[in-house]
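In what follows, structures are represented as structure tokens.
You will see chain A twice below: alongside chain B first, and alongside chain C after that.
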Partner chain A sequence: MANGLAGTTLRIDLRNGEIKRFPTDESLYRNWHGGRGIIAKILYDEVPRDADPLGEENILILNAGIMSGSFIPAGSKVSFGSISPLTNGHGDSNMGGHLGPMLKFAGYDMVIFEGISPHPVYLYIDNEKVELRDASKYWGMKSLECEARLKKDLGEDFEIATIGPAGENGVLFSCITHDFGRQAGRTGQGAVMGSKKLKAIAIRGNRSLHVHDLKGLRKQVKGIIERTKVHPNMEPWQKYGTSFFMRWSNDNAVLPAYNFRTTYYPDVDKIDGDQLVEKCLITHKACFGCWMNCGKYTKAVIPGKPEVHLEGPEYETGSTCGSNLGMKDINHVAYINWLVDELGMDSMSSGGVIAFAMECFERGLITEKDLEGHTLKWGSVDDVEHFLDMVVNKRGIGEWFAQGTKRAAEKIGRGSEKFAMQVKGQELSGYDGRWAPGMLLSYMTADIGAHHNRSWTITVDIAEGREKVEGRAKIVVYLQHIRPLFDTWCICRLFWGELDITHEELVESLNYITGWGVSVEETLRISEKIWNLNRCHYIERNRANGRFFDYPPARSWEDKIPDGPGKGKGLTKEQIEKMLDEYYDARGWDRQGNPTREVLEDLGIGYAADNLEKLGFLGKPIPGGIPPVRGEKYKPKAF
Partner chain B sequence: MKREGGMVIYLKAGSELRNRLNPDVDYYTRRVVTQPGKTIREILVDLGINPGLVAFGYTRGRLVRLDHVPKDGEIITLKPPVSGG
Partner chain C sequence: MRIKVNRNKCTGCRLCLQICAIEHFQEINPKKAALRIEAKFPDPGRFRPYVCTQCGKCAEVCPEEAIQENENGAYIVDKEKCTNCGECVQACPVGVVFQHPDLDYVIICDFCMECIGVCNTSALVPWEKAPKTLTKEV
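Entry: the complex of A and B
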């Protein structure tokens, strides 16, 4: 196939080990563009609305998209998807590294896992050879340990994805790990993989991928390489990655500290990126097809504990597991990063869950007795290590926290819901939105629960005025269309965000690869279609008006920022309601947050309108009709 | 060429920040006449650029914060914040 696809899709029934091969359906890719798009469509069509996310009827999808494995910059990603046990809606999460390209080099575009295996297995792919193999001897191993063991047993040239004990035990924010530190972290994909008794995926392949216009693609990529080599952002990026934004976040009052109680962390310089480079850095790491090497391979050294090696912490982990937990030493942050990586937990959700538990302990809502005689104090690595052991093994109240902050707060009660920092069951990433209204709206409306990568607006908030909420919704909608496109194509966003590779150039690459001749506008409409389908899916599964699910925890409006550069700042509930109204207007949804038939039919998914209508959640027609274009590109003010 | 009592530094920026810098030397670089002793933060304010849009500076292979005081002739890359690959 001269269209960037490998040509074959695998469907694997884990109940009986049956492996079916199908020619990859190019029309599916043409309509949904791969990655999270195809995952959204298959989940919507195939998983019953009442299916338990950890039960037989959920499916787990591995999709390498249309551009992963080509030699366009950072064509390295792969997406995992299933109904999320954390949010009970569409879930997807992607990872960099080498797994996606290797899947395609082995000849496969997608693997769909159905059912639950009667015993632990791993998927073995070596070009034509596809087998489910017994994984009994790997079951119980930690994530990085299991990856190392499989490489030793199978060969260094296999690319491996694993789950850890958290995924095996059904911790709802479990991740899937690859390349000793790349994770599909969000939405609990590791828990679904564990529920299926699928311990790992091991892939080796050496086949070629064929593209529509190799000459054109080569010329374009050569130009991109020449341009990005001299881009001013390249060198600092190669040297420091994302870890250096802690200080900036602190200075600008968006850094979460002490469970998002404040945005001011006086010890930020002890856990910032220069400390990481000075004390922990071993070497730099890059994903397939990338010369930015933003990954930092590091060590954590704490007296009395073993020296451990890991990738990170990057910014998100540094904030959620650093300042948010009151850590005051970069080695401590790195050690916690390693702990959650080995256990196989999403580091962002882990940081949120631990911080929530710490605040509950501080307030006396959980006690030393609940914690098996231990404390859970801000800044204590030992306390965190013990608490995580309770969580991963679901001992005592560890069972509550293994279900994430939302469900833990429901168990604890006594007002704890106010500071359980999540939306739709997923914990916030490493930014506080109280003085960054666009960012808060991004969290509130993200299709997979709170997540920064769907839309990140903080520089827009700073540039446009942080007290103002008007006009922000349209920009959030635009970003929610363009940013997730990268997870659809399975390529990294950083060349776009950091090195001035334009959306137009990427669509040109897509056309060189596929020969489809799509336009920039068409790609945005496909992304909007995916977004709307996921919204319908969420409402269909959770059975209430969409608006009901879009509120952040009450801390977001009840508590102003108590100190630091943002002291006294914060949004009111009225401002939050106003942002939601504007957001729904910008999307062509009704004020209850339900998609309207007009929008869904305009996007070619009228069947979703039929389904919503049957349930009584179809949006009411908008007086004056829907906006012809939903979302508005951010144009900075000139001066 | 220096102004009397002043000095020249060169600021470089890519991506969104480049639009705000208005480069005049080459595609990424702007020549800035400023007063000795001013920090990067103060120079940005003088240029009408919100310092919140700059994460840090990068000069001679190392990172500097916005309280760094540039020397005459120094070339400083302004690194914008970014989120998520």
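Entry: the complex of A and C
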């Protein structure tokens, strides 16, 4: 097929090992563009609304999108998707590295796993040879250890994704790991993979990928590479990756510290990008086809502990597992990064869970007795290591925390919900939104729970006024359409914000690859359709008005930022309510946060309106009608 | 003209492999490239690009005399003469003669230099005055 697709879709029934091959349905791609879009559609259509995310009826999808492996710079991504055990809604998470392109070079666009295997297996793909193989000798291995072993056993040229003990044991924020440090971290995809007894995926392929207009694509990509080589952001980006952002975040009062208690971390210089490069860097490491090489392959050296190798910590891990835990040495942050990577846990959620537990310990809500005689103090690597061992093995109170902060807070009670920093069950990424209202709104309304990649507005907040909430919602809606497009196409987003590559250019690339001739507006509408379908899916599964799920923890309005450049800043509950009202208005939803028939039919998913109506959660018609265009175009400066 | 490898600068992005196959086969397929990247992870944690050093071993062992040095020092495969026997693959000291199931001849670098154009870390750079006797990568 000369359209960027490999041509074959695999459907694998883990219950009986049956492997079915289908020609890839191009119309599905034309309508949903791949990655998280196709995942959204398949999950909506196929998974019963009452299915247990860790049960037989959930499915796990691996989709390489339409642009992965296609020579477009950073066309490296692959999405995993399933109903999230953390949020109980549509879940998807993507990873860079080489797995997505390799899936296509082996001849496949997508793999859908159904059911639960009776014993541990891994998926082996070597071009046309597709097998489920016994994984009992790999079961129990840590993530990176298992990847190294599989490479040794199968060959260095296999690309491999694994889960660690966390995924095997059903820790709800488990990730899927690849390329010794790339993770599909969010929404607990590793827990779903573990529940299916699927330990790993190993892929090797040597086939060609054909695109609609290779000459045009080649010319465009070479032009982009030439132009951006001299972009002022290229050098710092290549040197530090996202880790240079630590100080910027601290200076701008968005860096989470001590479980999002403050946004000021005086020790930031001890864990920032300079420290990482100086003390830990082994080599720069890029994903497939990426000329920005933001990956930093590093070592962590702590006296009394083994020297360990890892990728990172990049900004998100540096903040959530660094300042947020009170870590004061980059080697300590790197070591914790390695720990969670090896155990197979999402580093962002892990940082959130550990920080929450640390605050509980500080407040006496959990004690040394609960922690098997250990403490859990800010800045202690040993305490973290022991605590994570309890979590991954679900010993004692470890079982509560293995379910994420939301469920742990429900067990602990006594007001801890206020500082369980999550939305819809997913822990916040590495930005505090109290003095960045658009960012807070982004977390509140993201379809997969609190995550920064759906919309990131901090430069918008700074430019438009950090104390002002009015008008922010429309920009958040726009960003929620454009940013997830990258996860739909399965390419990286970072060069869009950092190197001034435009949405228009990327749509041009898409057309060179596919020959579809789509417009920029059409891509935004497809993204909006995906967003609305996920919203309906969430409401259908969780059976309440959408607004009910959109609130952040009470710390977001009850506590002002206590110190630093943001001292005294914060939002009121009224401002948060107002942002939600504006947000629903901008989306054409009703004020209860429920999508309306008019919007859903406009997007071509009227069936979702029928389903909401049956359950009594269809949005009431908007007086005066819905906005003809939802969202307001805005180009942020970074990310 | 040769290609100098600054081996510690490679980040493993494989843009070079992609452009190589695009240039020579009009296909996106890193397995049809005339160079390779070795990745050693987790230990020690490094990438190593391997490119043709123009040592001429492939031409020496070719039973069909299908590989000839051109005026630039590159070893060019005569696709008609090549029987894909694999002698040159075995003989290449840096492992950069490749076979692919789609092809009935071997792939050897012709020094088109496209890879250098997309390398953003100077891991691959032109080397105009390279000593002729060098057989190892730098």
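FYI, the second predicted complex is superposed on the first by the 634 of 639 C-alpha atoms of A that agree within 3 Å, B and C clash if a C-alpha of one lies under 4 Å from a C-alpha of the other, contacts with A are read in each partner's own complex, and residues count from 1 in each chain.
The rule is simple: a residue touches a chain if its C-beta (ideal position, glycine included) is under 8 Å from a C-beta of that chain, and two chains touch if they have at least 3 such contacts.
As the structure is a computational prediction, the values presented were derived from the model and not from experiment.
Participant: Clash or fit: chain B against chain C, after overlaying the two structures on chain A?
Facilitator: fit
Participant: Once chain A of both complexes is superposed, is A:W456 in touch with chain B (first), chain C (second), both, or neither?
Facilitator: First partner only, chain B.
Participant: Once chain A of both complexes is superposed, is A:A148 in touch with chain B (first), chain C (second), both, or neither?
Facilitator: second
Participant: Of the partners chain B and chain C, which touch A:I302 in the superposed model: first, second, both, neither?
Facilitator: In the superposition, A:I302 contacts neither chain B nor chain C.
Participant: For A:L615, is the partner it touches chain B (first), chain C (second), both, or none of the two (neither)?
Facilitator: Touch status of A:L615: no partner.
Participant: Pick one for A:V520: touches chain B only (first), chain C only (second), both, or neither.
Facilitator: A:V520 sits against neither chain B nor chain C.
Participant: Is A:F71 contacted by the first partner chain B, the second partner chain C, both or neither?
Facilitator: second
Participant: Just checking: does A:W248 make contact with chain B only, chain C only, both, or neither of them? Give me first, second, both or neither.
Facilitator: Touch partner of A:W248: chain B, not chain C.
Participant: Give me, in Å and rounded to a whole number, the least C-alpha distance separating chain B from chain C in the superposition.
Facilitator: Superposed model gives a least chain B-chain C C-alpha distance of 13 Å.
Participant: Touching residues of chain B toward chain A in the complex: what are they?
Facilitator: Checking each residue of chain B against chain A gives 12-16, 18-20, 28, 48, 50, 52-53, 55-56, 58, 61, 63, 65-66, 77-85.
Participant: Show which residues of chain C lie in contact with chain A when the two form their complex.
Facilitator: These residues of chain C touch chain A: 8, 11-15, 18-19, 21-22, 25-32, 38-39, 41-47, 100-102, 117-118, 120-121.
Participant: For chain A, which residues count as touching chain C in their complex?
Facilitator: For chain A paired with chain C, touching residues are 69-71, 73, 98, 105, 144, 148, 156, 179-180, 205-211, 214, 218, 222, 225, 229, 234, 238, 282-293, 295, 297, 299, 309-310.
Participant: Which residues of chain A touch chain B in the complex?
Facilitator: 74, 96, 231-233, 235-237, 239-240, 242, 244-245, 247-249, 251-252, 273-274, 294, 315-316, 431, 452-453, 456, 458-459, 462-463, 483, 492-494, 497-500, 636, 638-639
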